[in-house]
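Each of the next two complexes has chain A plus one more chain, namely chain B in the first and chain C in the second.
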Partner chain A sequence: MDWLFFGEISLAGLAMGGLYALIALGFVIIYKATRVINFAIGEIMMFAAYLFLAFAGGMEMSAWIALPLAVIGGSILGGVIEKTMIRPMLGESPISVVMVTIGVASILVGLVEFIWTANPQLLPSFLPREPVFIGPLYLAPKIAYGFLIGSALLIVYLLYFRFSRGGIALRATASDQAAAYSMGINVRRVFNMAWVFGSLAASLAGVLVAATGGLSPQFGIIGLSVLVVVIVGGLDSILGALVAGVFIGWLETVAGAYLGGEYRMPATFLVLAVILVIRPYGLFGTREIERV
Partner chain B sequence: MRIGDAKQSYGADEAIWTSQTQKLWFGLLLVILLVFPFMADSYLLYLGCLVGIAVISTTGLNILTGFTGLISLGQAGFMGVGAYTVAWLSLNTGLPFPVTLMLAGLMAAAVGILVGLPSLRVKGLYLAIATLAASVFLHFIFAEWESVTGGMGGLSLEPAHLFGWAFQSDFMMYFIIVPLSVLMVFAARNVFRTRIGRAFIAIRDRDISAEILGIDLLRYKLMSFALSSFYAGVAGGLFAYFFRVVTPESFPLSMSIFYLAAVIVGGMGNLLGGILGAAFMTLVPEALKLLTAALTPFYPNAPVFMSPMLEIIFGALIVGFLIFEPHGLAEIWHRIRRFFRLWPFRN
Partner chain C sequence: MFRNILEKGRRLAGLGSLVAALTLAGPAMAQDKEPIVFGGSIPLSGVFAFAGIHIHAGLTDYTSWINSQGGINGHPVKYVMEDTAYEVDRSVAAFKKISGSDSPATYYGDSTGFMKTIASELNSQGTTLMSGASFATALTDNEQYPYQFIPGPNYSQMFGIILEYIASQGEGGDMPTVAFVYSDTEFGKDPIENGKARAAELGIEVVEAIVTKPGSVDVSAEILKLRRVRPDYVVFHGYVLSPINEFMVQMRQMGLDTRFMGTFWSSDKLIIDKMGADADGYMGVMPYNYYDSEESGPMLDALRAQAEKSDPEAGYRPTGYMQGWFNAMVWTEVIKRTLDAGKELTADNMAASLASIKDWDTGGIIGIPVTVRDMSFPVGRIWRVNAEEGRYEPVSEWIHLD
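Entry: the complex of A and B
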């Protein structure tokens, strides 16, 4: 076995996993606050990445202006989706709400094809290009810097949810909506903020992932990998999202490198199936107790 | 205004036919279905066959999702199992189509039971994701098990045959597909008059309560999975005979979503809804194609925008129905009927 190769693949996988962790965090924020499983998260990422393409490529803005703009655009999109399409579904069965997000995903794919055509596109490169070496291991610069930017946002998020007023409101809503409401927390605003923050994380990750792998209307497929991450980690666990994100990212890359690209999805879904059978609520998720 | 509708026994209350008028309308429908292929051109015939296949599959998914409350994102995968079974059997054994279709259904049912096994431990969205995993594995098997499935290239098969007849044209396939879909919808209607069907509904309404009432959850959930995938398998088998080529890409995840959307747009837990939903969702893209063709002389770019428009309309239909008409097309249909039934009195 070639350990150097394995090390390099693993490193790339772990860096990719860091981005997965960021997307999964966005997913978990939305789930914790609103109990909505967001199948459209991959498409929100895609939309933000296309916005970046429009700002940086089409309007020739500097990437460092285009990036925040695209991310803000993605988070506004999340907020609008919540206000217009998720809010009316409040109290409906979870399957209906999930189907709404699937519908939203389809609409976003259509919109993107409408505006930017169905052809695959390359994002203008904006990350430094010198190769990165960690010890003897080479890491593609796009992945390395993507990981750094992603982790920075991740840390900001963790601190925000731990210490800020908004973060505490969000956690309070997640643990008990009625109690939070009676303590004067504006639950409806929290719902909206959760979608905005969740989409913000997803949007940043979307631009970073698209910068490494290119962009097309099929980009949203990545949402399936994220789904695996959050189920394995536990839908309502931030820690789970981080651990499972890194693990699934690593597994996917290693399986892709050693077994071939067609094994990427089956490998991660195998882990998913095993987890569903032995710990349906995920590695770190809360076990739900049901009463009649 | 319908009168004389009082029922005097439970049997009468449960009967499929509650009035002469109903029989009359149904007879009329059968006559239309019978005459249709002789009047229709090849394109309408093709659509008729597509709708028939979609009706069978949607009815199957409706049994599982609409009546038992188990969400499945694996319907396309089960159809794939049926299609590959038919393709393999017709290439390697030359059995006539009633046998291959039956085996396709049974094979899909067996896979369905396997996929349904986690359903006792996980439910709701977790189950949906388990079925999603199943469809990923099935797609992988279709693509990689080359000795049986022909890999990415897929399999092409001979036309369906019976007693030396080959069902080559759409016209002939219509006479397999449509009678079969009528039969299978009827069978489903009958299931819900039995203990089994009522157990499904009890599980949907509250599974824990159902268990306390003495319904064996695992058994009935698996039964629902088996029944639903049997329908999918038969639909997949017909799909294989109709297009006569089966590839792993014939049954993508988007197809599972399509059937789930058809159930929702039609009306969950309503067999009529399944039929309406299947027909509606199959015909909307075709209508859009016609519209595009009509617009092309004026806007040469129209075909470019068709595929994105289709995505947008598809999504908007799902979202719109869920928000504004959660009981689906079936509810609209009932409203129309109510209008006529109560006609002189309502306004």
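Entry: the complex of A and C
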């Protein structure tokens, strides 16, 4: 066995898994606080990536200004979706709310096609292009720097949720909405905040992933791939999202390298099937999750 | 962004004016003879819209042009289409609707899936000849698809042309090595086995065949595999843009001097526009002259004049436009041959007329006279990106497969 090759493949997979973890984090934050399965997460990623394209490409801004603007734009979009489309659905059946998110996804695709056309796009190159070597192991620069940027946001999020008032309010609401409300926490505001933070993580991941794999109105389909990650990790577990994201990224890449690209998805869905049989609530999820 | 919206609005307004003008002018333009209908399931929206809008423009412009030339043997031509969003069920519905209302002599199919699905109905109707966006090898099976043809080489033939070019680059009996990279789709897998067989015949070693997940976000693992086998050429198939850019950029970052090639749908100017300088040296097989090439000919000049007339601000017309125009050109030639022979416009008669095409001068759309073989036009040329000039330039003679 060529261990150097295995090491390089594994490194690429783990780095890609870091980006999966970031997307999954966006998914889980929203679910954990609001119990809404957001099927529009991929389209929010896509929209943020198109915003980056508009700022850095169309308006020729510096990529380092365009990146935060695009990410903020994506998070504002999440907040607006929550306030205008999800909040009026409070109390309705989970299926209805899920259908709204699917509708939102469709609207975003149409909007993007209208504004930026259906042409495939490449984002302006903004990450360093020099090859990255960790010891003797080669790592593609876009993946390496994307992983670093994504990891930085992950650390900020974990610290925020652990120590800040907003983070504590969010965790309290996730644990028990009625108790949080009785303690004076503005639950509606927390719901909105969850959508904003979740969309912000997804937006950053969207730009980083699009910088690697290109962009088109069909880009949002990656959100469904990440659904595997969050189900494996547990829909309401941030730790699960991180662990499963990294693991699924690694597994996909190793399966693709050794078995062929056509085995990437079967390998991850095999893991999903096994997890659903032995732990239907995910590796780190809680048992009382309501399925839709 | 706003400029884009304005431009789109202006185009839509232009299209609306054209539709209105045609509607109003219809009675005045009517000729004594019955119109001949070109039908089409056209993907103006959905995943293939980037090409569909240009295919539609090519078909529309050709129809205007041929009518300005007096139609086909005095018959005016009417182009009737529906948007399908590149969905097979919608394409089938559009075909049934247009067949029922307009009895098209010829029809543009938007995908291999649709053309396979509709084959039995097309065969039983026996009234319509079909071609379209697909270059699928399977559609050149005359037993199963007797009324469908490919408006160029099929994908296996494209690989054949590419491999002949690669073989011609071997020096001193040292044949270059090649790797195939293709998407995990019916489209992507189409020419791979035939390509491997043809490579073996030519003495070219296929050192790796890599399949990538559609919409794959990261291909660095696949690139690491290629770094180990160091192919002289990588041939892509089943993509429009990404991940071709990632393979090229990363392999060059690794210091490899591999050359990169692709088939029809991955050889448009989009690659240059989006990749910029990174696209330099990329090569594609193309059965038609590019819109902005230095080639000329009466039909190519007419195409450029018509394109300029219909939308003066459009500038370069992509390969989808050329493909739409060429489809309609072939339909016209086939219908003309059938009518000239005093035969009815049935699918059988038109298929026979198509098969009779030999050493046909396409007026510069294709650079050499072409002969139909197995319901396809097995001809093409290798073009290379000159990123500084922002266009493809020919690097081979026209290659016509036997």
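What we mean here is this: the second predicted complex is superposed on the first by the 288 of 292 C-alpha atoms of A that agree within 3 Å, B and C clash if a C-alpha of one lies under 4 Å from a C-alpha of the other, contacts with A are read in each partner's own complex, and residues count from 1 in each chain.
The rule we apply is simple: a contact is a pair of C-beta atoms (placed from the backbone, for glycine too) under 8 Å apart; a residue touches a chain by one contact, two chains touch by 3 or more.
Here the structure is a predicted model, which is why all the values come from computation and not from measurement.
Using the contact criterion defined above for the overlaid structures, shared-chain residue A:Thr253 touches chain C, although it does not reach chain B.
Using the contact criterion defined above for the overlaid structures, shared-chain residue A:Met265 touches chain B and also reaches chain C.
In the superposition on chain A, A:Met89 makes contact with chain B only, while chain C stays out of contact range. Of the two partner chains placed by superposition, chain B and chain C are both touched by A:Ala118.
In the superposed pair of complexes, A:Ile76 makes contact with neither chain B nor chain C.
Judged by the touch definition given at the top, the superposed model places A:Leu283 against neither chain B nor chain C.
Applying the stated contact rule after C-alpha superposition, one finds that A:Gly214 touches chain C and leaves chain B untouched. In the superposed model, A:Ile107 makes contact with chain B only, not with chain C. Within chain A, the residues touching chain B in one complex and chain C in the other are 113-114, 117-118, 262, 265. The part of chain A that touches chain C in the complex is made up of residues 5, 8-9, 12-13, 16, 19, 54, 58, 113-122, 129-131, 138-143, 209, 212-214, 216-219, 221-222, 253-254, 256-257, 260-262, 264-265.
Considering their complex, residues 37, 85, 88-89, 92, 94-96, 98-100, 102-114, 117-118, 224, 227, 231, 262-263, 265-266, 269-270, 272-273, 276-277, 280, 290, 292 of chain A touch chain B.
Residue ranges of chain B in contact with chain A, taken from their complex: 65, 71, 118, 121-122, 124-126, 128-130, 132-134, 136-137, 140, 143-144, 206, 208-209, 212, 257, 260-261, 264, 304-305, 307-319, 322-323, 326. Put simply, chain C touches chain A in their complex at residues 1, 4-5, 8, 45-47, 49-50, 184, 210-213, 215-225, 227-228, 240-243, 245-246, 249-250, 253-254, 270, 274-275.
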